[in-house]
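Please read the structure below before turning to the comments.
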Amino acid sequence: MPRMAQTGFHGVFPYVVSPLYPSGEVNAPVLARLCGDLIKAGVHGLTPLGSTGEFAYLNWQQRRRLVEVVLEAANGRVPVVAGVASTTIVDAVFQARELERLGCSGILAILEAYFPVTDEGVFAYFKAIAEAVSLPVVLYTNPNFQRSDLSLPVIERLSRIPNVKYIKDASFNTGRLLSIINRVQGRMQVFAASSHIPACVMLIGGVGWMGGPACIAPRQSVELYELCRKGDWVAAMERQRPLWALNQAFAKYNLAACIKGGLELQGYEVGPPLAPQEPLTAESVEEVRRALQAIGAL
Amino acid sequence: MPRMAQTGFHGVFPYVVSPLYPSGEVNAPVLARLCGDLIKAGVHGLTPLGSTGEFAYLNWQQRRRLVEVVLEAANGRVPVVAGVASTTIVDAVFQARELERLGCSGILAILEAYFPVTDEGVFAYFKAIAEAVSLPVVLYTNPNFQRSDLSLPVIERLSRIPNVKYIKDASFNTGRLLSIINRVQGRMQVFAASSHIPACVMLIGGVGWMGGPACIAPRQSVELYELCRKGDWVAAMERQRPLWALNQAFAKYNLAACIKGGLELQGYEVGPPLAPQEPLTAESVEEVRRALQAIGAL
Amino acid sequence: MPRMAQTGFHGVFPYVVSPLYPSGEVNAPVLARLCGDLIKAGVHGLTPLGSTGEFAYLNWQQRRRLVEVVLEAANGRVPVVAGVASTTIVDAVFQARELERLGCSGILAILEAYFPVTDEGVFAYFKAIAEAVSLPVVLYTNPNFQRSDLSLPVIERLSRIPNVKYIKDASFNTGRLLSIINRVQGRMQVFAASSHIPACVMLIGGVGWMGGPACIAPRQSVELYELCRKGDWVAAMERQRPLWALNQAFAKYNLAACIKGGLELQGYEVGPPLAPQEPLTAESVEEVRRALQAIGAL
Amino acid sequence: MPRMAQTGFHGVFPYVVSPLYPSGEVNAPVLARLCGDLIKAGVHGLTPLGSTGEFAYLNWQQRRRLVEVVLEAANGRVPVVAGVASTTIVDAVFQARELERLGCSGILAILEAYFPVTDEGVFAYFKAIAEAVSLPVVLYTNPNFQRSDLSLPVIERLSRIPNVKYIKDASFNTGRLLSIINRVQGRMQVFAASSHIPACVMLIGGVGWMGGPACIAPRQSVELYELCRKGDWVAAMERQRPLWALNQAFAKYNLAACIKGGLELQGYEVGPPLAPQEPLTAESVEEVRRALQAIGAL
């Protein structure tokens, strides 16, 4: 396995949660403290407005403010790759330009849909975002929660757009990632998601992972990443197994509720997910507590 | 079958399309003319911001303006039941209150979701909308295009809220409608959708239908409704069969593209659906043309 | 709606259950008594080896014996349309020929599959069955429980084979039945299934229904059918509503377990479904008891 | 990662295809030659009557004869783990006992279903097979092609039955395999399937893989296995990548058609899959040819 050059995005990018006051305003102090602590724990970048960041539940004013706070907290120490998500090209292009203007290092591009979208429509959407900015773009696809998916032929076509440089696939199908890697021949790099085993994705040539669990286990995630980078797979698997148990504990519940609940246990007052999403029950809080304790994250 | 009292919403409610200028502004003259013609054709109400109205692709400013234009065009001649759609309770309540303030006669309440929603969350969402307004509320569910669905127990619970008076179910499962009717015992009335055969839903006790196709075949839809109301089922089925063929022609394509394409053929310059939705191809325009001609709607 | 000529199969065809002794041998006395009683209740035909007949759980020796007993009990009073079900053409053709030789009046043709089947493969399978016998063939499709489905183009092609005269579609999509009726233009007649509201299917032009519930409510089913035939839809719906409640009670459980459980309550010792299918629990027996009492079938 | 003891089943178990004469009789000479060549290529076991072995399309006489031929060809050099597949417990127990009597080394236990099966039913089925024989049992689950699946709690319960020692999961969800490994704590070993990347499953603690592609690339598969066993992951991934491309070529078509088509190209006259499965088209034969040439298997 050729080691990828570490010049682009790589490593652990936590999906930063979105702490709001009951009024709907962004809780900037908590968010800033969380971002600072994540960076101190060694994460390689920050991703606001991913799925765990509840992009689908926030209006544009909230989204922009969240990104501003993350950018200010990061203060250039790590890249900030923020989410763009819309059902229309015109709105997605607007969001992407604004995020570039704010100072983001990259765009995580998410297509929302109500009616099914054709391959041509999917291609047009991501192409428009890429052409609207000069930043690197990370394609995002999550067939579990979305009404659209990125087919292999569309991914290949998109990989030929110069600044479409990464893809994050949140399916459960790890083989699909190797198919993508085989197909794009280095034009695009692959990030794992919470639904994949990071060590496996690193083994097949991935460059890191983006996801919610890294928010509450940043140090453990970075250690796992470094072991994979070194090719010390025996030690990597020793770290991977308990981290996966944490993921499994979360897979049963609303992901935003889990990560926010876990952060509350760690002393970050991030509040509950936006209603009608429900916060964790007392029982599931205990399950998250045990999972965090098992990996030394509490 | 006992005849329902015609005191509440009943009959044919076209899902009014959303004509925009390329700038994104609402094309008020075209929309007003369409609404006027629909009312002259005898429709019993107008529903802006349904699925065919592309609610999922419009921002709040566009949504509000569309409703204003429809209200002004209707001018009290028929009820206007406008769509509220959001992923959060706080935003849905805001929309519902604004629509009441604008003068709508009812709310079509739609739950959007990214992460799965529990039954408690679904109940909380619709309850909050109902309690925010004094208008009658129509529950909407479309398991084909949405990440959430309304279970029978939740529907029954919601039917006990005084102003939750209707449900429109856009599944393909007509039997589910009879199960709902059996279960809510008159506390809630049922509207059919494009995915059901209207004559069948009228037979089992429905009060009408809401949908996109009524936009381009309003006169034929109203005739079908009147025959069903009179219990002249033989004549009703003679109208139903060719109308269903029209529905079938549309089921192959994006519904907004079809209705907008059909309206363009009828001389309404409503434009294409919002990108990345694609307009009809030349070939499918011809298919829609033939389907409209077959029912005398062109 | 033109009344169909009643020269072919029409009316209520119960899916006869398969009562076995613990040894696996067919319980002929119970089966014969059930068939005799169904005929006395007025059913228009008998269908052994439908889904409720557990065809998928029986070997060929059991299947053949079941058909022999049903044929002997019917003794020519009503047509017997028996199920053929296989994954291979060669086996299906064998079964169909044997059933014709035994004296069946028609074939209910079912395609089982492990790997997905192409439209060409689906067409070849049903065509081979039709050409192997001189009996009328009823196509069967159940997308809920099967790995294959019959597309509209394949149904249209099959409708041009002279003895492919009927289709029974066990999806939940009643609109699909009207699409089929529109498309085959009288070359093929449509039977409803337990998943459709029989009165609705009769309204749109169906000729009857085949299903498990008719086994435990034969008299009520026949009355409903006759009211539909007469076009007395108000009275038909009065019968339809409580019968649908019965269907709904069954939809929650394994269908064979429900019908067998209901027949046990009615005094037919048909035994449990084949393991690992589970018999009804004590609680669900009570639910079935109440549903049967509500329609006067107990 | 602790190296598993190599005392049980491990390594590469090709899913042996089922070559039949047009009459339906087993083509013993071709099957015996294939088995001999696979063993010479180093495979660690042989699995007749897996999915690629078309178990779902064969009657018991054919299944028994196929196993007899494989056993005779293996002649004790490698373990033969044959498939048991049924919808009923009674039939599955019969098959398992017969396979033990014939001399198989293990059972690959497959549950077929028409109606959904409860967790209790799934447990009862596999338990009955395990208790009917003294052989080690491999649980098989394939949610893509089957109407049933093995939940994690059922897998855990089954892992406590002494001779239930392995599981082969043919989902696309590699993370599920790690969840199983975490949960069964060594009581059960995991085999990968064609839908997983073998190197990844070996990394997380798997003991090998069973699947169709190993039939046409046995030497390459064994080399990959040995590299994984040694922990030489860089070299393993060099082998893995082109082998995965082969898998991908197959994923587009009927798997039995692909493997049989590939074996025909390699000079084994195994014939087409059973109709209505369709053989490869001329075009897809060329695609398989190129995929085999790319890995040196032609």
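A, B, C and D are the chain letters, set down in written order, and residue numbers restart from 1 in every chain.
Assume contacts are C-beta pairs under 8 Å (C-beta built on N, C-alpha and C of every residue); 3 or more make two chains touch, one makes a residue touch a chain.
Everything numeric in this text was worked out from a predicted model, so none of it was measured.
Separation of chain B from chain D in touch steps, taking the shortest path, is 2. One simple way to say how far apart two chains are is to compare their mean CA positions; for chain A and chain B this gives 36 Å. Between chain A and chain C the centroid-to-centroid distance comes to 51 Å (mean Cα coordinates, whole Å). Shared interface positions of chain A, i.e. residues touching 2 or more other chains, are not present.
Contacts between chains close into a ring here, every chain touching precisely two others. Here chain D touches chain A in the complex through residues 1, 171-176, 178-179, 181-182, 195-197, 199-200, 203-205, 231, 233-234, 237-238, 240-241, 244-245, 247-248, going by the rule given at the top. Listing the residues of chain D that touch chain C in their complex gives 24, 51, 54-57, 59, 87-91, 111-118, 120-122, 124-125, 145, 147, 254-256, 274-278.
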